[in-house]
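Here come two complexes built around chain A, the first alongside chain B, the second alongside chain C.
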Partner chain A sequence: MINLKDLTTLSIIGFLVISLLILFIGSQSLIAFFLTLLELLILAYSINIITGLTGYVDFGHAVFYGIGAYTTAFLIVNINTTSVTPYLFSLIGGLVAAFFALLIGAPVLRLKGAYFAIATLSVSEAVKVIVSNISALGGSYGIPLARYVSYDVVSAYLAMWLTLLFTIVLAIWISNSKFGYGLRAIKEDEIAANVMGINTSLYKLMAYVLSALVAGVVGGISGILYVYVSTEYFKVDISVKMLVSMMLGGQGTILGPLIGAILYYVIQYTLVTSYPFLHLLIFGTILIIIVLFIPEGLVGIIKRRFKQLKLR
Partner chain B sequence: MILEAKGIIKRFGGIVALNKVDVSVAEDEILGIIGPNGSGKTTFFNVISGVYKPDEGSVIFMGKNITGRPPHIIAKMGIARTFQVVRPFPSMTVRENILIGAYFSGKHKSSSYIDILVDKILKLTELSSKADLPAKALNLPEKRRLEIARALALEPKLLLLDETLAGLTPAEIDHALEMIKKAKSEMGLTIIIVEHIMRAIMKISDRIIVFSNGIKIAEGTPSQVASDIKVIEAYLGKPIQGEG
Partner chain C sequence: MVIDIVFLQTLVNGLLQGSIYGLVALGLTLIWGVMRVINLAHGEFIILGAYTAFWMFTLYSLQPLISLLIGIPLGFLIGIVIYVGLVKRVVNGPELSSLLVFFGLSMILQNLMLTYWTADVRGLPILYASINIGSITIVGDRLMASVIAIILSTFLLILLKYTYFGRSIRAVVQDTDAAMLMGVNVNYIYAMSMSIGIILTFLGGILIALTTPFTPYQGGIYTLYSFLIVVLGGLGNPLGSLFGGLLIGIIESYTATYWSSGISPAVAFLLLLLVLIIKPEGIFSRRR
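Moving on, here comes the complex of A and B:
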């Protein structure tokens, strides 16, 4: 009989294959449709590393998405080269985001619960304001990239797909590693984890840096794709979008972000044309329901269902 | 001496939770610590295990100064503890809870060694039949045993037991004491045990230290301590002085 682990493996492989096939057989518009989904998916996996695994709710994760995007745009504008693909710069964007996570995380990860959430939100807003005042980064206008790169959905899709593949491999590695075990222990009881020999400060920081790395790369790719980077990249909506997708699916799991992001995307897509803001209301309500009644998300429901089936 | 704490002072704002406390423990000993509520017993454990940094004083463990070191380092050096309020990792299984200790004890171990260790501890703490249940499904005596099991998985030299017997029935207490003695001899432990249940602590301890208001007021064998006037005063209050 099929169990949750098999279901996870099948879904992940199935999705990776389908999303790759679309690149070859899909129309331009279908590729563009899936591209935004891939972006949301990676971001959901990204925030899952820090929030899903350690329980530290990051309301400002978009800061790393923005830093990645700005770094990439800055490099494209200032390093005038046609010999390398601009997507290489998005990798550097990820590294710079990871470096900032190190700086931000060291003090902020000492806070817990709501204080951590508020601090991350504040940091993200602060960085947004700082960036909009730096003229080398285009101020509040941002950095247009149309002179340097052209709108190319196919290349962006490939870059995004490869990033998704890396992110999923990373998620699977973490969940099977001693590192992942330590993170789970931190989520369950940080003091007990510390007394059991886990270097909780280091583990939390490592999780934060890894999640920032992924978010930074995605930010860079998106910047290239939309040939424009602005302070919109730091918007709290983006952080919330990642959080809701992850929590909807099931935080701390491998299947969760996949289910959650797809569901979020489908709901948003169906509503956005006729009611541009209705999905926000719906997701607000869904978020409250999840937090109150199904903290394990949809994967939790599936898990329970499997247990009932086994008992019969 | 395996552990020597000298002149430990720990303040919380204006309250002095520990006031110049000296405690030393010999290898292979069971040291009991008793005292009324709020006398500083748990604070003392928190200082030893690194959860709190003492304001003054030093803690020497096996010849090394561990004062103010972080908890995970102290755990790896060989001091394990349980918590007064049980705090196993609730959604992990019993086996996973124990595995955490084995994984993070800082000792390089093969997976076959870890499997044997975990099975041995499960058997010792009589949790083998519950190994694959999530910790939150256990009842209180089982959770308390799991706390001990998890600490044992670190393969410590020194085990700090913080009111592991609280809430147990007399029969369960006797059983738990046997289990602690067995664990001690099988794993070569030195133990400090904080407990309110007099009958139990008098029975198991080689030596007893009494805390009151953050001060060590008595020290000696169980019978010496039980007849100490200061100890009786701390627990029952002073007799009323008559006018003659």
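Moving on, here comes the complex of A and C:
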């Protein structure tokens, strides 16, 4: 009898193997198709750490993606090294994003509910406006990287895949650790968690920093991949994309972000190719339908199904 | 003492624009305060209002003052439909649900406006003559919009303060469960607050069309400005929203004059962050 845990393990190992195989046997277009999916997957896992586990809705998570991308681009332009791979800079991008999360998280994580959502949204909008006014970062034009790095899908794919592997290992570790239980306790009842001896401020901050780290690295890799970094990286649409992928799958689970992101990606891809002008309209409608009718996500439905099978 | 003319002119411009911001934010604070849901499509409704004024003027040469009268039933209808169709289902759910539902709505509205009305910058021509007081110019359209905004805001404040209906709304803002126990029909109050909120937003949009050019892309920035004002004024505190609106108008006006108009949103957002962190209950609200 298969249970949810086995299903999770199977799906994750299956996906990791398939996505690695595609790099070797897939066509160029299939690799490109999967590359964007890997990016979305990592981002969904990233936001799952803070929003999925603790229930703090981060509406401005894209800010870390953008900071990672800009840091990486800035380093590539200003440090003239041809001997090291530029993907090394994306790791620094992740660290800078994590450091920023540490600074901003300490005050912002004190806010609850809708206030936290608005605060994170305004952080990302503020950073976006500030960056577009800094001429060293290319202002509103952004930083083109084509002179420094070449468009290379295969290396980017490998970097993205390794990041995904790291992120999934991180998610599994968090889920089984005392840290993960603490985060879930915060989601259930923060005051009670505090009374039980959990240092809630520290736990929330750690979750925020870890999720920022991952998002920053992805931002850096994407910057190198698309050989261009602009304030588009801070757009609220990117934060919402992460939130919806996570929610569609199932918040706070390990399987959720995987199936949510895949389904989201397929829906979005189909809509963009078949309705180039109205895809946002249709997408908005689908988003509302998802929230109204499957708020617990696909994993919730699967779980219920398993329960029914057991009862029989 | 010599008072700088530019300084005074900037103050006047800021106050005029700020009174409209205050009206617009009233719509958001009413919905947020009563139902604890954040209307992320707020800015899109403002732009929709602005388009209403624009098309009424362009197609039928109707003055924006008449568009205001059309905006009331239109806003009411939209509010009821949104409440019954969407908000009623997520009002007691987790934050993420209501935020995403409204975000979906904003995507739909923005995409519709872009597709059918294009991304062109629209605006109304100058309709009312300017007034000069000393060396200070008061642009007629702004003055008109500002006066109407103040009248509408005052009307809402009186409604909230002195009628049974207004008292019911305030009771729900304070404590939904207690209000229900006291015999307030919460469902009805929710629906009405949604409608009145959308009407105010709509009318604010019509007034914004009088003062500022607009595109379908600008919804988001108005949403964030309104958040800032609501947070400054304190959640569910209409008078605070009006003061917050004036303050934001002045800040925006001064940063645009003395620094750069591109940076004024960043200043506004940083201020929002600062207020949220230091005094999340709002700077114009008394201790809770």
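To be clear about the criterion, the second predicted complex is superposed on the first by the 293 of 312 C-alpha atoms of A that agree within 3 Å, B and C clash if a C-alpha of one lies under 4 Å from a C-alpha of the other, contacts with A are read in each partner's own complex, and residues count from 1 in each chain.
Here is the rule we use: a contact is a pair of C-beta atoms (placed from the backbone, for glycine too) under 8 Å apart; a residue touches a chain by one contact, two chains touch by 3 or more.
Computed from a predicted model, the values in this text were never measured in an experiment.
When the two complexes are overlaid on their common chain A, residue A:Thr9 makes contact with neither chain B nor chain C.
By the touch criterion defined above, A:Tyr181 reaches chain B but does not reach chain C. In the superposition on chain A, A:Arg110 makes contact with chain C only, not with chain B. Of the two partner chains placed around the shared chain by superposition, neither chain B nor chain C is touched by A:Ser150. Among chain B and chain C, the chain that touches a larger number of residues in chain A is C. Of the two partner chains, chain C is the only one touched by A:Val236; chain B is not.
With both structures placed on the common chain, the touch criterion links A:Gly197 to chain B but leaves chain C unconnected. Touched by chain B in one complex and by chain C in the other is not one residue of chain A. Against chain A, in their complex, chain B makes its touches with residues 49-51, 70-72, 75-76, 80-81, 83, 87-92, 96, 99-101, 103-106, 150, 154. On chain C, the positions that touch chain A within their shared complex are 32, 36, 38, 86, 89-90, 93-97, 99-101, 103-108, 110-112, 115, 220, 224, 227-228, 231, 260, 262-263, 265-266, 269-270, 272-273, 276-277, 280.
Of all residues in chain A, only 178, 181-182, 184-185, 188-189, 191-201 touch chain B in the complex they form. The touching residues of chain A, when paired with chain C in their complex, are 51, 55, 57, 59, 107-108, 110-111, 113-115, 117-119, 121-123, 125-126, 129-130, 132-133, 236, 240, 243-244, 247, 251, 277-278, 280-281, 283-288, 290-292, 295.
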